[in-house]
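Same chain, two partners: chain A is paired with chain B first, then with chain C.
This part shows the complex of A and B:
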């Protein structure tokens, strides 16, 4: 067994265990943290496939941004663990059907002739100057430019829609306009009046003896 | 040299591993020493800015102060709050120092002096540093304290927001260099004209955005609402003591040095000399890092802390539009004969 195979199996073991803990952990924060571990390990496996751009992007986007916000929300929720278990048996049948379908799909990919392991050989090692990122960029922005742009527009619409649906303006919130704040000049707020001194200052009162 | 080959033979097949470890230690040890003396420099510089003398009791002129601090923190007890999650509580400082040190694997100090010269080194640095926020979030949650929790929420939202502006600023650097490799990014700034060929002139708005976002990313004043002493005591690390606290401290300063180094490499020409005729080299990089670090300390001594909504506004409504507009400007400018850099 080569070193890479050993690393692959180690990563796979961690990945599967972490994924299992995501659904079995009782505490939702622990579950989210195991999901982070699963993402990082998956990135490691992609790195073994020499897909360094995808691996780093997985860490950057999912671990660095998406899961942070996820954790952010999960930490603030006050989740009652007993109520979570309530509908367990009702959901079991539809969930089982979905699980069987997913298993079938995975088996088709892994065992089937067209898509199986023989049809997808491991990538041949590339020279050191080969830039994964550059090749991916070339493909995305030439051959697949329309699908890529359409996906981008759909995402943009989704962002706008999500914000528009959740944004509620409260009437009693006080807003400040930074532009107006910056434009304020001294003369708008302060008036300096020249007042000639008319009466000479009175003499200081005689100092009292300390009690 | 003969001794070197002898040592290599003695280790046999594990030699590559041992040699890598030696190189890692050669980077991390000076880095930790720099962190220790950065804390000293901070106290001294802020002291002088505020017309004080700063620490001057331990050793000659106070030069042994960081060592004394380290000894004190190492011998203190680590108090674990009741009701806290012990495993995560102790994991959090490790999670915050790990990215701060791991990012140094791809930082070049010289055209040839780099631990791992990978093609996507810039992306690697971004991905690794984006993991640093977990230390803060987990610390806040595992402490089982409201102050710590509020601090970690503030910090998470702030870091995620400023990462976007930072990422866009880096896109400008990529457009200049046509490469994600940090060595190539520095090489592209070399032209024989010295200072004027560095990226900070054509990318000036992005340089400013990157520098200020760097201050925000590292939770430094004036963006240190995550530890705002006046309202939430010390934020996410309020429950930490002893070495666990010291590790957070180390991570913050190691991140500062990292951001300063990245600024120096990407915008200030790395190891290139500013004046044509004077040879390039590592001392230039050191000087630039020290300059950016001095700016960090200067900011802290000068500006009052931002209000939280002002921080969010600056990140989302000022920095991101500025970088987006400048991306278009620079993209168009590059296509015209008026483009001077290259």
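This part shows the complex of A and C:
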């Protein structure tokens, strides 16, 4: 067994265990952290496949941005775990039967010679000067520019939808309008009243301390 | 590897629409609530301009652009113009409805236009990636539109169900597509077809992928047994959005199915595999849709089940596997969009502030309240049921003809039997309108343009039924030139 195969199996084992813990962990924060572990090990496997750019993007985008946001949300929401677990055991048996049957059927097709090493031989290794990122960039901005632009439009829709669904101006909320705040002049806040100068009464002479 | 102006010319309608959405998005910020009519007018003008550009640039041959990602053929031009018409009519019908429900905001219009763009991308896609991205663009806009009425618990629930099941369906579809890629080594539709034809594809993997692709398509069309989301979403969404979901996206879904099943996986070896799958979906949809619709008391829910049965009919046309069958299916989906527009438009015309008019009882005695509205609804219901001489009859007839020509006589018999059962609940509405006492006695308040369009829509169901030849010829020409 070569070193690479050993690394592959180690990563795969961690990935499967982490993925299992994502759905079995009681605490949602733990589940999210296991998902981070799953992403990082998946990135490791991609690295073995020589897909360096994708591996780094997975860590940067999913672990760095998506999961951090996800953790924020999980921590801010008050999730009632007992309600989530309600009916878990009732659904487990039928769902388990369906899952096992589906898994068996899929394995019957996919395991074996259809997608094995003979049917899908490994590509020849690339020269050292080959840059994964550069090649992907070339493809995205030439051949795939149309789908790329549509993906950008989808992100725009996500922004519009998120704002449309969450931005609301209630009449009874008290909020600060920065524009109005900036426009305030001194005269709006501060009134200078001119008064005749008051002559302070001379202080009473200190009484002599009692001996 | 460079893009030339020849790449941009066929995509001109999409570029125009996207540019105009951005303009509307920004311009709307500067409009006060009382000036929202400006956004409405700009949206309609954009659709009209896109229709003009599409019609002007329509060519009788097939053009590819953007490295084969995009295809411009007569089928896409025809379907796109139908989509513009359906979306435009939806905006006109729903103007006062959305205004009374606090949804008359800029986002409503931009999301509708984004959904339209998604449909156009789907219709013109020539690559599995583009197909999928167009579908997601459409779906995301629709999820947001369903949830737009934030204070309604029913809308939020409908949006949630739509979103979760839609994501599941996308997952299935993508898994199937990844298998197609594994088997053929390409996602480019003509390339996939040619590799299958040359025998260079792994058929076991391909079949495995095909099952998931058909399941994903079944979800998106709302065919039984993947229909669970349809009634809840139709019922829970604001009627304006239900109208949008039930009309224009069906046209895009038709193109989607044709591109995947016929253009990419239409090889004889695969056709004999997906034909029985579609047969099961079609028969189950017609049976469950028509039987369950009888038990409904809510009109929107009833129409949801009726949609399921109509999708079964649409699949009949596609599974016959001939050009005639595909054109009959295209004719059917166009006619279905016309009828759906009218029926949901009627529900919105009868609604008012705080009243939805979506119960069957709300239609009782409509003839006493407004004979013309009752007559238009009668035409639409006759058309839905397939009573001659309305257009629904001709649509059903042409699909059945294609099925019989394909040698599936028993399917045609089953389809006729379920249509007869289906006629019961459509004609029940006619009975309620003409023979029952009105429950609701408020005067009908709808704006003049919507009322005029509703009359045109109802009469179109009759007139196109009397002279269906031109529309049928249009569909036939489009399919012949494109496949």
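Going forward, the second predicted complex is superposed on the first by the 134 of 211 C-alpha atoms of A that agree within 3 Å, B and C clash if a C-alpha of one lies under 4 Å from a C-alpha of the other, contacts with A are read in each partner's own complex, and residues count from 1 in each chain.
By definition in this document, a residue touches a chain if its C-beta (ideal position, glycine included) is under 8 Å from a C-beta of that chain, and two chains touch if they have at least 3 such contacts.
As the structure is a prediction and not an experimental result, all values here were calculated from the model.
Visitor: Does chain B (first) or chain C (second) touch A:101, or do both, or does neither?
Guide: A:101 sits against neither chain B nor chain C.
Visitor: With the two structures laid over each other on chain A, which partner does A:109 touch: chain B (first), chain C (second), both, or neither?
Guide: second
Visitor: In the overlaid three-chain picture, which partner chain does A:20 touch, first (chain B) or second (chain C), both, or neither?
Guide: neither
Visitor: For A:49, is the partner it touches chain B (first), chain C (second), both, or none of the two (neither)?
Guide: After superposing on A, A:49 lies clear of both chain B and chain C.
Visitor: Let me test your reading of the model: by the given contact rule, A:63 touches which partner, first (chain B), second (chain C), both or neither?
Guide: It touches chain B, and chain C stays clear.
Visitor: Could you tell me if A:131 is touching chain B, chain C, both of them or neither one (first, second, both, neither)?
Guide: First partner only, chain B.
Visitor: Could you tell me if A:73 is touching chain B, chain C, both of them or neither one (first, second, both, neither)?
Guide: Touch partners of A:73: none, neither chain B nor chain C.
Visitor: What residues of chain A sit close enough to touch chain B in their complex?
Guide: Touching chain B from chain A are residues 29, 33, 36, 52-53, 56-57, 59-60, 63-65, 68-69, 71-72, 75-76, 130-133, 178.
Visitor: Per the contact definition, I'd like the list of chain A residues that touch chain C in the complex.
Guide: Its residues touching chain C are 106, 109-110, 114-115, 119-120, 142-147, 150-151, 153-154, 156-158, 160-161, 163-165, 168.
Visitor: What part of chain B is in contact with chain A in the complex they form?
Guide: Residues in contact with chain A: 88, 118-120, 123-124, 126-128, 130-131, 133-134, 137-138, 141, 149, 153, 156-157, 159-160, 163, 179-180, 310, 313.
Visitor: Where on chain C is chain A touching in the complex?
Guide: Interface residues on the chain C side: 1-3, 11, 18, 25, 65-67, 69-70, 105, 107, 110-111, 114, 117, 121, 127, 129-130, 133-134, 136-137, 140-141, 143-144, 147-148, 150, 182, 202, 204-205, 208.
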